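See the structures that follow.
You will see two complexes here that share chain A, one where it goes with chain B and one where it goes with chain C.
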Partner chain A sequence: MNKLSARKFTVWRFALYVVLFVFAIYYLLPLYVMLANSFKPLSEIRQGDMMALPQVWTLDPWRSAWSTAQIGVQATGLKPYFYNSISMVVPAVLLSTLLGALNGYVLTKWRFRGDGVVFGLILLSCFIPFQIVLIPMAKMLGVLGLAGTTTGLVLVHLVYGLGFTTLFFRNYYAAFPTELVRAAQIDGARFFRIFWRILLPSSGPIIVVTVIWQFTNIWNDFLFGASFADADSVPMTVALNNLVSSSTGVKEYNVHFAGAVLAALPTLIVYVVSGRYFVRGLMAGAVKG
Partner chain B sequence: MKDWFQAWLPRLVLGPGFLLILFFVYGFIIYTGYLSVSDSKMLPSYGFVGLDNYERLWQLRHWTGSLKNLAIFGALYIVICSVLGLFLAIMLDQKIRAEGLLRPIYLYPMALSFIVTGTAWKWFLDPGIGLEHTMHQWGWESFEFNWIKSRTHAIYTVVIAAVWQSSGFVMAMFLAGLRGVDPDIIRAAEIDGASRVRIYRRIIIPLMRPVFLSAFVVLAHLAIKSYDLVVALTGGGPGKATELPATFMYSYTFSRNLMGIGASSAIIMLIMIFSIIVPYLYAELRADPRR
Partner chain C sequence: MNTKVERFLEIDNLGKQYAGTDALKSVSIDVEKGGFLVLIGPSGCGKSTLLNMIAGFEPATTGDIRIAGRSIADLHPSDRDIAMVFQSYALYPNMTVADNIGFGMETRGVPKAERIKKIADVAEILQIEPLLKRKPGQLSGGQRQRVAMGRALVRDPQAFLFDEPLSNLDARLRVDMRAEIKKLHARLGTTIVYVTHDQIEAMTLATKIAVLKHGELQQVGTPDEIYNYPANTFVADFMGSPAMNRVSGELVKSDDALEFRFGQHRLKLFEPSEELHTRAIDNPHIDFGIRSENINQPSGDNEPGAALVNTLSLSVELVEPTGSDTFIATRDENYSFTARIANNIPAKMGETMALTFDMAKAHFFDSDTGVRVS
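Here is the complex of A and B:
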């Protein structure tokens, strides 16, 4: 490489890095603004600029958002809603993952006539606009005596998450050698034993992918929470929206930001800890087959 | 007896989950379909009124306006996310040293709730306190950015926030696609003396067609479903400037107590999504060698 093209090359590389870092700032900016302003007293937000770090650092907005802010009629902060979300998310994720694993196992290793149609219908259910089920679901939860309860929300998230969990496991098990299953059958192993001893031990990665996917989706859900939750089952996203959009009194932006970060924290932590699996889930959800 | 049981066991295991989906998805679709031709107001009611609800729906400016907003939002959202995603993926694919740092930064918004995104951007775009205010503080007095308060421009702020959230995801899809291109093809083109730009334009980007298609399907169905972001960012306003079909359905069904019309709007949303997703899934499943 001669000197001129070497220089042209470094200029081009330099521009490339500049562009890439500008975009990194673009993606990080809203998070930075939320964090920086959640540590400022309200007066500082009003006069100062939003990009600046706090002159006076304070934890009060965080305390307020967590335990004393007015949400709806009560001044409880986000704390009870955080627990509502946890007690909704954990059973919904575990149940939908377990059922999805069994479905995927049957659809790939115990094929039967018409299983293609069954899978097609399950797959299609992932993509329906949930508006289509809101009215009958509200009625059905009433009939079951689950209206406004966390159990009701668990049922809702189980049903509408099942399509994705089935898809994930089905695609994963399709690549698992069927010969191993047949060999175990010849040795006398039965349906559940094969699942338990042969497939499950090698399902680690797909379980992680599925759990993260379900956790993120259910934690972040707003529509079902807003439609079906009662005062004592309202999840975090709905509570955050109530906090931010309440029209009474002074708008405490710093408290809103602290609340928003609190609502985002669980999924962000999962993302930071296991981003690789998060991306795999997104891909598996987007690119079928 | 026992053999019979073993033979049916797989179907018995699949059964409950499948029945749940049949009932709660397809049964509910049929139920909502019936409500859309019924005289339901505040509560479900079963008097048959034919296509009255649909006729009234299409006469509502609120509905046609929300469809128009969806067209603007959806088109810009899909195009900008795809272009930006492809651009970032190509940039990141140039053997970048910091790729392991940059890629997760581009993608993290996808892990956030739309309510969080909406809260952040609502404030960011608020002229009284966000970007405009900050620019004035910095001495750029004439800076103006008040789209979120404008009836004609508010829909673009929804695009801005939605693109921020999803473009990193599209980038990851394209990056996976780029990494799957056979390096021999590129090497052959290089030997023939093709320039870098030409290789991308003539060889690599055309190879990304399946990724474009997947991205389109995913983004289009996300756009039609968009609800949370609008609620958190603009609440459908100012006026009805950012109403979308999803927010329309919710307010007609639950606030205005016109359930028949709400149900008919949900059916239209379902038709829109299925007309995109069904052909796509059908083609995918047929092309699947495992089937």
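Here is the complex of A and C:
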């Protein structure tokens, strides 16, 4: 009896793993195609078999995509645009996370008359479609003298991200014991010291969640980059599009694949490094709240 | 009558309104220097609100709070020279025990060497030296409690505030920590305000108890006054376990003495006051109260006559032995009593038992208002 059920169990287990394996392959297929073809010379791709491994392995497409492909006026590759993206994403993520934490702190621990309405309005900004604000935003950037600059893009992403980051931190801090804030008050700490010394050091999981969320969204943004960036502030996503959809010359698919992987790499790394904290952070809020 | 020394912490007509309703109605309490004031009452009675107002977390709508003659009502919590122990302990989770205790000094810019010395001193008093490098998450409930007290102790404040500090501990530990708090108070002599809903904690710790209900002060007094002379039926019921026995009946004059009659029973009053005599004529309807320990088995030592007078035959509904004593719940007609008798007295459920009421310990309350008459 016991043996039978054990055997039955293994059979089911085996079937389950087969199914899971098939699904995993299916989802990994695009990545495989991209990687495999990025290491082939163009002539091999022209033979038509996208699924085949390279017969001749070459790093040339990667070198080309990174530093010599013709994207703008000069043949610079994706390199300068990668740095554009970094110098846009890093301040935008840090500032929106910090300000979101500050908002959440005020909305939960320094309640004021009408704080619910303020939170509602901030939350509402999560639901405004990007397209609606394009023209007013362009006007505003013009007025501020930030049109076409990386600083301008940082501002746009900061403003857009605040709704989400505030939501994350508000919900996290709602479960944070108010008695701790009171204890710190008796200990003589005021507004910012309580924030820096007590709340922020206890916010690890939600900071990770927010950083991943903001990093992914801002890095992957195309619309704002395409709308508000100048030649010298174009982010990676827009540059990749320019590389792939250039209408002159030969379509270098291998270079395009390598470029696409390069563009996706930072978000991939962020997920792999901190993915477990991401899930843990989401759960922490859910269980405590 | 009161000198300045006796009135160290003064709560003066303190009131608090939330959206039109009174959370606290003009409460006045004085505590002497080194006193131990316990605020007690059922949940929602305003005791925590009062403590939070003393601490400075909630502004007062009316009234004033003074410590040693200085008004603190408008000061920031950190400027009131008080320290607080919270119900949840409220230890900073990201800091070690030592940093938790030293955070207040750090904020005030106390030099590091002095901080370390003071932390060590406090750790020694509370015997938490081995824990100093740990984080609060690695401590047991009792250890956290000690650290929370250490954080308050290190400030050497004018007054300690305790907000139900023992309610998160298990029963055994609660008794231990209660004793430690009492010893600590005896040793330091600092004034304490302590909130609890546990009447045993209140009785054991306090030099002064304030009973609150619906934001109104019911009675302030020593544990002895509160227990033996409750100001009204609420205090009588709330303090003491089991609750005081109470029945409605009438005062009747017989010869020179006074009798309390309920149903077919009569109890002879012991040295009744003038007020009760007057009452018997004006408005004989009254509530009689007696604590369970004042209803006993008839004792042979009593004068036969006197014992018989206040001995009633009651049918036993329930017998609850607790080891040291036995609780007897009786019921006949519509009257029920709980008596506390020695554990060696035989009692059986369903039988009739003779029980003597110690009328020297009788309480009388107005039937309508519940206010103590005598």
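Criterion: the second predicted complex is superposed on the first by the 260 of 289 C-alpha atoms of A that agree within 3 Å, B and C clash if a C-alpha of one lies under 4 Å from a C-alpha of the other, contacts with A are read in each partner's own complex, and residues count from 1 in each chain.
In this section, a contact is a pair of C-beta atoms (placed from the backbone, for glycine too) under 8 Å apart; a residue touches a chain by one contact, two chains touch by 3 or more.
Computed from a prediction, not measured in an experiment: that's the story for all the values here.
With both complexes brought onto chain A, simultaneous placement of chain B and chain C is permitted, the two fitting side by side without a clash. Contacts of A:V106 after superposition: chain B is touched, whereas chain C is not reached. In the superposed model, the angle subtended at the C-alpha centre of chain A by the C-alpha centres of chain B and chain C comes to 90 degrees, rounded to the nearest 10.
Looking at the shared chain after the overlay, A:D49 reaches chain B, while chain C stays out of its contact range. Of the two partner chains placed around the shared chain by superposition, neither chain B nor chain C is touched by A:V273. Once chain A of one complex is fitted onto chain A of the other, the partner contacts of A:L20 are limited to chain B, with no touch recorded for chain C.
In the superposition on chain A, A:A260 makes contact with chain B only, while chain C stays out of contact range. In the superposition on chain A, contact of A:P201 is made with chain C only, not with chain B. In the superposition on chain A, contact is made by A:L162 with chain B only, not with chain C. Here chain B and chain C are compared by how many residues of chain A each touches, and B touches more.
When the two complexes are overlaid on their common chain A, residue A:I186 makes contact with chain C while staying clear of chain B.
Once both structures are fitted on chain A, no C-alpha atom of chain B lies closer than 8 Å to one of chain C. On the side of chain A, the complex with chain C involves touching residues 177, 179-180, 182-189, 193, 197-198, 201-202. Across the complex, chain A meets chain B through its residues 16-17, 19-21, 23-24, 26-28, 30-31, 33-34, 45-46, 48-51, 99-100, 102-103, 105-108, 110, 112, 116, 118-125, 127-137, 139-140, 158-160, 162-163, 166, 174, 190-191, 216, 219-220, 222-223, 226-227, 237, 240-241, 244-245, 253, 256-257, 260-261, 263-264, 267-268, 270-272, 275, 278-279, 282-283, 286-289. Within the complex, the chain B residues that touch chain A are 6, 9-11, 13-14, 16-18, 20-22, 24-29, 31-32, 35, 44, 88, 91-92, 94, 96, 98, 102, 104-117, 119-124, 129-131, 133-134, 137-138, 164, 168-169, 172-173, 176, 214-215, 218, 221, 224-225, 227-228, 231-232, 235, 245-246, 249-250, 253-254, 259, 262-263, 265-267, 269-270, 273-274, 277-278, 281, 284-285, 287-288, 290-291. Chain C makes touch with chain A in their complex at residues 55-57, 76-78, 82-84, 86-88, 90-94, 103-104, 107-108, 151.
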